[in-house]
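The chains carry the letters A, B, C and D, assigned in the order they are written, with residues numbered from 1 in each.
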Amino acid sequence: MKIGFYPGCSVDGGSREYKESCRALAKAYGIELESVPDWNCCGASAAHNLNRELALALPARILSLAEKAGMTDLLVPCAACYNRLMLTQHELMKDETLRKNISEVTGLEFKGTCSILNVVHWIQKWILPELPEKIKKPFDYKVACYYGCLLVRPHKVLKFDRPEDPQSLDEVMKLIGATPVDWAFKTECCGAGLSVSKTDVVADLSGKIVRDAVYRQADALIVACPMCHSNLDMRRREINGYLKQNVSLPVIYVTQAIGLALGIDRKELGLHRHFVPVNLPEKAEATK
Amino acid sequence: MDQFEPKIVAFVCNWCTYAGADLTGTSRLKYAHNVRIIRFPCTGRIDFLLLQQAFAKGADGIIVSGCHPNDCHYTSGNFHARRRWMVFRQMLENMGVEAERIVFSWVSAAEGAKWADLVNETVESIKKLGPYHKYQDMAKSLEEWEVTHE
Amino acid sequence: MARIGVFVCHCGENISATVDCDRVAENASGLPGVVHSVDYKYMCSDPGQTLIKEAIKEHKLTGVVVAACSPRMHEPTFRKACAEAGLNPFLCEMANVREHCSWVHEKTESTTQKAKDVVRLLVEKVKRNEALQPIKVPVTKKAVVIGGGVAGIQASLDIANGGHQVLLVEREPSIGGHMSQLSETFPTLDCSQCILTPRMVEVAQHPNITLWSYSEVIGLDGFIGNFTVKIRKKAKSIDEHLCTGCGLCTQKCPVRKIPSEFEQGLGTRPAIYTPFPQAVPNKPVIDKLNCTYYLKGRCKLCERVCPTQAIRFDQPDEIVEVQAGAIVLATGYDIKRTDFFPEYGYGKYKDVIDGLQFERLASASGPTGGMIRRPSDGQIPKNIVFVACAGSRDPAKGIEYCSKICCMYTAKHAMLYKHKVHDGTPYVFYMDIRAAGKDYDEFTRRAIEVDRTKYIRGRVSRIYEKEGKLVVVGADTLLGGQKVEIEADMVVLATASVANPGSEELAQIVHVSYDRYKFFAEAHPKLKPVETNTAGIFLAGACQAPKDIPESVSAASGAAAKVLGLFANDELTREPLVAVVNRMAPPLFSTCIGCFLCQPVCPYNAIEREEFKTRDGKLLKAVARINPGLCQGCGTCVALCRSKSIDLYGYSNKQIYTEVSALLDEALV
Amino acid sequence: MNKLKEKAKELLSSGAVQVVVGYEEGTGGKIRPAFVSRPEDADKLLYNADCHHNLALYLYKHETKRIGKMAVVAPPFVLRSILILTTEFQLEEDSLVVLGVTPEEELIEFANFKEIETWVNQHPIGMKEKDREMLNRLNAMSRDERWQFWQNEFSKCIKCFACRGTCPMCSCFRCTVDYNAPQWISVGSHQLGNFDWHLMRAMHLAGRCSVCGQCGEACPMDIPVHLLSFQINEDIFKMFGSRAGLTLKKESLLSTWKSNDVENFIR
């Protein structure tokens, strides 16, 4: 089984562990993730603020290439890429003239036939069906599922989960044996694109997220976006400074958590790459 | 040859377009004289057979006009009419009738100027299209048939 | 043989300046069927009308065409003149040669030709006009008012004081509605109960008002002046004639933990209960869903303690049909509950409450005796946050409208809080302060300036609980969108006012339309705000859109005035321009085949099913019938009917077909 | 097909129905409608791709209703017609047993009309290749060519009204064409009368046609009148997203509306 895969810059670079864990999951299911040939930047974080044509043309090219390669399902693990691709598909499908114009820019036909899947989508469609029987070691931890902004908004376009109080990650985590905590920061801003330029703002915003997760006694934060991960994990030193305490709460991709439950090797899941060490408290081996 | 003066029949509703055309009058706005208005209570009352009849009787153009959506005196007559015209117009296209000779419009009781413009523009466009000979030639068959069946 | 008279008006020079009236009249005289044709300077003047009247008599006219101004202007004038001369008024038509001709064209031959054409068209039409008689329908002078909140109470009292019988139907065990739950009312801060209760008592004692509480309308038939209303009187399980309202049963009832609807869940009530002490009627009902006897078949404690043996466990629901001439809908509104807002704590935080709950907390007769105590632990909140526009004006929540009352009651809440908790701090998050009304803006200013309420212009994005506090996260848009976090002890959401649950169902029962928010639709947003599209059914209060008390009362009095206006007539006269389905001898009965595609087309639900049966009741045929009392004459069904079984008086198929033919039969230039 | 015969026999012998309306082989090997009221005659019932008559036509006629309760052999287009006629109060569910037959010539029984509704929604009817081609040809024509095409076709019309007579949706017993006050449609079979007739007929079927194509089959002059309905049916699907005969809801296309109906021609 082959499924289209668009890595994007984060997943191919700083968040390599996200890609690794996706691939590890896919491997466990006999799914081949085939990268979009000759893929390019999705334009996220900046293009749509600067130039509408560019912001549409970049994702349109990716989607056209995926269509050309015959991909019907396209997994886009990065929430920002997912958002840009979905918005572009939405804009182009409702406006024929625009579609033509953008096609001229990219030099590729755009049909809109690709079904764009975010990582939760992908898990729901391809991983969940056989999940229960594949679990080797239930992920028996209290987790705070953090959705961030790009995975569920704008709801009008994405039509994925409930924007104010999303549940999809919680449901997945329950299935692998985890206990999601009820907390208030599921969709609060982590600072996202300010990760590099204004670390003090990130420390403030992400700090509140981490603080509440700790307050709710979570063992781990679960994320599905490389930017959320960077802010909550890579910026932990700044966060600790802001919180005036050392917080060792690990930040884990949903794919890594499932991987652990499936008994996949920690290294294969890229867990060693995190800034905040993933040292989950050892639990008594639950009977399967 | 004299300049072609098209015959145009207007089917309008009493509450919006008829009143709008009254306003054109009270505002003393001038428009082409080619149009003759037939008053209906509502656009919902306008049977498509009347449009067929108008072309058969030699009209070169037809105006159908009523209240804007949501403004119908009877709440929904114009919505029914809109669907009817969507289907009828497509049907005419499918049968090769020059559907653009029927001009559909919403003219409210406050749009006296729009009515004048609508008539003028319709007259101009029908003048460009010329008399509807095709339909009128077909309609001649009735007269011939009536003669032979007297 | 038709004998038509044509009367061409000069309208001073308004027509004659561009139309050669003399020649129009002359041309008309040559038209088939025209026996008399004249022109005159002012047809609408007394001498002009006399001219027509005399001609009708002298020439024995069977039809009249007046070529003059728009029929929208003078049709009634000329029809009246005809009637005075003994000619059926519906045999008079007007040719519009002023607004549609002389005023819009230059003086050319074509303009006169157009006038001639229009006259010819109407001569042909009038030949096919029928003498019509106005439709008369009798009026039953009794009104049914549905809903006993302040609007229903006001409407009932006004109609009853006008001398007519009123049946007031209320779903709950007592009248009073939401107003009876309120603590104080803006902008005067007078106690709600104090001003409402006397009205409730007046309703109970008024000789012209019958009050059926604990009852619901379940069916409506008929039309203006002649409705039949079907009402279910739910079993109260007591004999109201015997019950004295002593209250012994309610004190002894062992089931005591039922959340009280009246107290918005902040207090409890027994299974046999009156909703509140001042209830009207002040006699209890048994809540069958919670009563031990109904659930388990034993208890009957109330029966044992009742001094008048008024308890009736086997009382059935009663279904009654009532004749009425008019209906007033006054079913009011409801508010969204806190569980509509996941971001504000989902209804899981006890101390996030809605506006009505706050009213109960602030009410001297409420569960806390008027002390502002938070529901979770009874503490007095020192920091309290009010969130206006919770849901309202929020397309993402599907409620795009302004709920209208929240700005005012939120200001009132802040004020009441401050008056009771002097060292407390009230905060209000708001989008705009909408305080348009007599003494309203002064009131909100007082909340800000005198009572020092901290108004923050911005919306709240999230509320979460932390260490016993509710953290309210919002933005202050007046400080450049700066993030604001307030640690509150209690939060009051001014949740959106919405249509009452069940309003859609009721609308379908009584055949009135409703808007996309399920509020009942008025017949015209400006000029007919208390009428509905169904003649004889009127709207009072917040069932039409969110309204405050003064507005609800005004609307109720407006609706009552409409009812009284209707009841001033013994019978109603309507223009007979209605649609009719043809009838013929059995076995056909009609060319209608009863496909009833016309039924959904009718905006007035005027199309009924008429069944023809044999003597032993076997159905022979069902065909459509149009109720002339309901039909407004739009004719949409006429154009839809495939078999041409429906026709419209005044715009009949014959008339209109002939108009089109006559118009185009001659050269038109 | 034996199943169909057996079922018909069973229904007749048990007295569950008094007549089974179906298809049989007629003279010259042509298929014709059959009315079977004796169990022993059930063997002549058949169903194959040549069965084109829309038997829904007979389900509400006095002549057949008089016999008693009916069963009908119903290919997909008859099923759709049954739903349309039901929504128009011409059929009652309890007066009819429906013996559905699939294009694969298999018998399907329906417990109620709701099941028919479900079935027809899952089984779209494809257009015959010949008709698809003709429609493509018509659509490729210029409008004037289309006008000429139909003028030529209608010139053949002899106003025999076979198209009307064979259509179950023409359920009126007094058609507008038979109405003379006013004379909406001229009775003569001249160009105008023919054009007016076919335009009116197609309009009266718009949103109500089960696309059986029987009107075209029935035409003795081989005028493809059914194409008018087929084409508008496609157009209606494009405009409103609906097709006739797929619902038991009592709402016909032209007797309902939506405030967001989108047109592009009203000024």
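The rule is short, and it goes like this: a residue touches a chain if its C-beta (ideal position, glycine included) is under 8 Å from a C-beta of that chain, and two chains touch if they have at least 3 such contacts.
None of the values given here were measured: they were computed from a predicted structure.
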Centre-most chain [mean C-alpha coordinates]: C
Chain located farthest away, centre of subunit D as origin (C-alpha): A
Centroid distance [mean C-alpha coordinates] between subunit B and subunit A, Å: 59
Intercentroid distance (Cα basis), subunit D paired with subunit B, Å: 33
Intercentroid distance (Cα basis), subunit C paired with subunit B, Å: 36
Mean-CA-position distance for subunit C and subunit A (Å): 51
Shared interface positions of subunit A, touching two or more other chains: none
Subunit B: positions in contact with at least two other chains: 48, 53, 76, 80, 84
Per-residue multi-chain contacts in subunit D, two or more chains: 176, 184, 254-256
Residue ranges of subunit D touching subunit C (in the complex, touch as defined): 88-90, 171-176, 179, 181-182, 184, 204, 250-252, 254-256
Residues of subunit B that touch subunit D when the two form their complex: 48-49, 52-53, 56, 69-70, 76, 79-80, 82-98, 103-106, 118, 134, 138-139, 141-142, 144-146, 149
Touching residues on subunit B, where the partner in the complex is subunit C: 5, 7, 9, 14, 18-19, 21-26, 28-31, 33-34, 36-42, 44-48, 50, 53-54, 57-59, 73-77, 80-81, 84, 116
Complex contacts: residues of subunit C adjacent to subunit D: 588, 591, 593-601, 622, 640, 642-645, 653-654, 657-658
Complex contacts: residues of subunit A adjacent to subunit C: 155, 162-165, 182-185, 188, 212, 215
